[in-house]
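Which chain is which? They are A, B, C and D, in the order written, and residues in each are numbered from 1.
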Amino acid sequence: MKKIINNPNEVVQDMVQGLVAAYPSKLKVIPETLVIARKDAPVEGKVGLVSGGGSGHEPAHAGYIGKGMLDCAVAGEVFTSPTPDQVFEGIKAADGGKGVFLVIKNYTGDVLNFEMAAELAEAEGIQVEKVIVNDDVAVEDSSFTTGRRGIAGTVLVHKIAGAMAESGASLQEVKRVADKVVANVRSMGMALTSGTVPAAGKPSFQLEDNEMEIGIGIHGEPGIERKHIASADEIATELVERIFTDIDIPKGQEVVVMINGLGATPEMELFILNKKVQNLLKDKGIEVFQTFVGEYMTSLEMAGCSVTLLKVDDELKSLLQAPSEAPAFRN
Amino acid sequence: MQLNVTNTVQWMQKANEKMQTNKDYLTTLDQPIGDGDHGINMARGFQEVASKLEETTYTNVSEVFKDVAMTLMSKVGGASGPLFGTAFLKLSMKLKGEELVDQTSFGAALNEAVNGLKQRGKAEEGEKTMVDMWASIAHYFTDNEHSTPAGLMESADAALEKIKAMTATKGRAAYFKEKTIGHQDPGSASTYFIFEALAEVWKGDSKA
Amino acid sequence: MKKIINNPNEVVQDMVQGLVAAYPSKLKVIPETLVIARKDAPVEGKVGLVSGGGSGHEPAHAGYIGKGMLDCAVAGEVFTSPTPDQVFEGIKAADGGKGVFLVIKNYTGDVLNFEMAAELAEAEGIQVEKVIVNDDVAVEDSSFTTGRRGIAGTVLVHKIAGAMAESGASLQEVKRVADKVVANVRSMGMALTSGTVPAAGKPSFQLEDNEMEIGIGIHGEPGIERKHIASADEIATELVERIFTDIDIPKGQEVVVMINGLGATPEMELFILNKKVQNLLKDKGIEVFQTFVGEYMTSLEMAGCSVTLLKVDDELKSLLQAPSEAPAFRN
Amino acid sequence: MQLNVTNTVQWMQKANEKMQTNKDYLTTLDQPIGDGDHGINMARGFQEVASKLEETTYTNVSEVFKDVAMTLMSKVGGASGPLFGTAFLKLSMKLKGEELVDQTSFGAALNEAVNGLKQRGKAEEGEKTMVDMWASIAHYFTDNEHSTPAGLMESADAALEKIKAMTATKGRAAYFKEKTIGHQDPGSASTYFIFEALAEVWKGDSKA
């Protein structure tokens, strides 16, 4: 394992301190927690937005804190959901009296811990609502199983729900648009190499030199198929077609595109992929409203990428374009 | 069997030792069909449990389990944190007020723990999760009139074999579907170590 | 080599097209070139700012195009300076009648090609000025050799010269502030692994599993020392101390800090490094005016980082904070 | 020796073949003491030269070198693009108006090329760059009354050995300082291949 770290068991603490030290005028850490909050949190009279999850997905989640996006992000250990008490601290720090909205990615651990935190908060009289993001079409959405995972689409939920909350909307209104995003966003990823959890010290899985895996999750969860590495155009086609199999995107529909790097993949490759994605969408008669290319939801130093498509209407478009001051999402 | 404050604390300390020793093993189990953090999570959590019990004086078993529950809940994270937390919280609640815990009470408390796990995890038996191991342990104490350390381990070993052959349909392992067959469920393995610790303390404790 | 590409010899063309397709309202490509320009270039009555160099450093250089930063970026082949005719196209595309300013990193290839382009432009009556960025303290600054290299500090030159140009300043004024940045900016990098040039197909160099190299360049140029991998705190200390050996930064001086990832290093590690860098500066009595943490000047998928320090005065501070609409540098 | 349009074009086509064959070799030379692109750069540039010469009809040698220069300048990039571009541009300028190029003219033109290189690259002889190889070639043609293909190669081989032993103080290799001793300079090696191509064409050409 080659990493720029100190003690592998203290990477999250070190990171949180280094993060707040980078943006001291924008962020603060809630003392004795791994909860990072807007410097001015709680914002009175605004619905508080709380997200979080395991660490190792940077800039998710703390990079999305700022006016127009999140109020708090709760950082768990690497790839491990934060605990209910920590999430509860985040809820309290975000609570400006108008209720708190939780953005949860659909993993058993995240759901359990955030739900328990919500119960603790409600017991203290804080109104809590939530959305469970499940954009990853690599996983079957069956009621008998855990269901689709939450991946890069989560960032668009942060943005849109955040803009809604910033506008002074009610908790129900925030939930309504968050649900709308979740209903309309789908993603699909692929990996060329695995990342290494610092405390584990070795790669989470191994791919051969000529192998890739389609449909991988952001914690190294397996995908649909492990196969011979293909060209960027073929990869783009496979990821986009998988999304179209899952969700109906009619001709003329406007979409937002996110080409997300998983950690080690250079931006050059993301742009090469984007070229083909845009051409595929054009061929299908889909209108691209806005494109995001970069590292939004990573998996440590995994090489690979994901493609996210979000169907947008006028409301989502205007919320998407509302200002954001989060370090990792400026527009 | 009989649980009192002393041997319950010993049990938990022994469980911690096992988590530290088997940290890498549990992580290895979690790599092919999970995200490779289970050993790290459990070792971190039980280390904190050990410290907490070390520095606290208890007057009954229920209180011990309550601290175990709260510590696991706040230090483990992931799926297993709230689940183990729930299980021990249910033990604590069911055993409230009991001076000495006998096999009947313990069996009843374990049943509560299993119910709590099922509810929290929205899981049933047979889904290749720690529910299966907890359920088999509960069955052992409720179904056998005279429980013994050796009997407990025999039944736990058998459960481990059965679980290994299952297909996961809950938790992160569910993404691997049929590929989980033949792989051990990490949460069941750590549960096994917890009860192996009980068996060892119980065997060495004349009063138990 | 595992990469998301099509033909290894066409990665730059593919990338340029994918980049402009991502930001069609902000960027355009000058037909039949690898020159990317602001959609509204040339901006009449504004000094045009042109940068560029080999590709593989994304988001440098095209990511810094936008109101408040560059007008054009010229993309060479991977790690290879663009040719004079291409740079000349960039100069023409940026020329709004008030002269064109070139930001050149100090590599023989870049200097030669940009200087020849400047001669071509001057022959056509376009006024050209330039700055040669040489912030990398890993290299001795001797007049007998090639001198220090230009690395991540270049991004701060883009920002500050760009803000000056946007304010309507003259070519000489733009040159003055660019020179001021170059005089006050120093960087030092390190690597854990090498990147792979697509057309070469194998890593540029090899480091053992327990080795790192201090003072590495952004094209895999060698550093000062290859040694056993150290902790983040030790790495931070070595990089910062090297900078302090090269440039005098008195107590009470305000600086800008840039913690730059070279490609494969997760943001988590950059923040861990930043924690120590901030503490070291505090211990020295240096005031941090602003911190940037992220991937600003990469080297394909190299794992590693660089630290940049820029001594700022009131003028540089206000230019730094002026708005920028470049995709890769928002403030 | 005598250069005309036909054998000059043949020379350049042969040089292209050598760049393609030695692409990986040149890149390998550029990896330990550079950035590993020299073979890629030269192969790309000479491929374009070959296409350009293929599709154009020339009336004199100077014009051929001019197109070679402009093509290398606009297709190679890096340090070597403007440098080879400059060298061939100087050959073209010096040979302007000459129908047939004899050894004396060619030697004088090579001297101009060396001066152009030195000026462009701000380099002197002995700095382990292509200047050293071009200078040694120029010396060969100016210092020997009767140049032969074999003699040219003998002197080029000797130059290669000398350059290999030098310490680089210009270009990207200068960062590696003393570590460059014993490594071949990629730009000198590609220059060698260019003149090896000349020697081969010359040997096979009764009129040359």
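One rule holds for everything that comes next: a residue touches a chain if its C-beta (ideal position, glycine included) is under 8 Å from a C-beta of that chain, and two chains touch if they have at least 3 such contacts.
If you want to know which protein each chain is, UniProt gives these names: A, B, C, D = phosphoenolpyruvate--glycerone phosphotransferase.
All values derive from a computational prediction rather than experimental measurement.
Both chain B and chain D are touched by no common chain.
Centre-to-centre separation between chain B and chain C, using Cα means, comes to 54 Å.
Averaged C-alpha coordinates put the centre of chain A at 29 Å from the centre of chain C. Annotation: 32 Å between the Cα-based centres of chain A and chain B. Chain-to-chain contact here is organised linearly: an open path runs through the chains from one end to the other.
Going by the touch rule set out above, the chain pairs that meet are A-B, A-C, C-D.
Every residue of chain A that touches chain C in the complex is listed here, in rising order: 2-6, 11, 14-19, 21-23, 55-56, 58-59, 63, 192-193, 195, 209, 212, 229, 231-233, 235, 259, 263-276, 278, 291-293, 295, 298, 300-301, 303-305, 330-331. Residue ranges of chain A in contact with chain B, taken from their complex: 9, 54, 76-86, 107-109, 112-113, 116, 139, 144-146, 149, 197, 199-200, 204-205, 217, 219-222. Against chain C, in their complex, chain D makes its touches with residues 27, 31-32, 35-37, 40-41, 44, 73-83, 120-121, 169-172, 174-176, 179.
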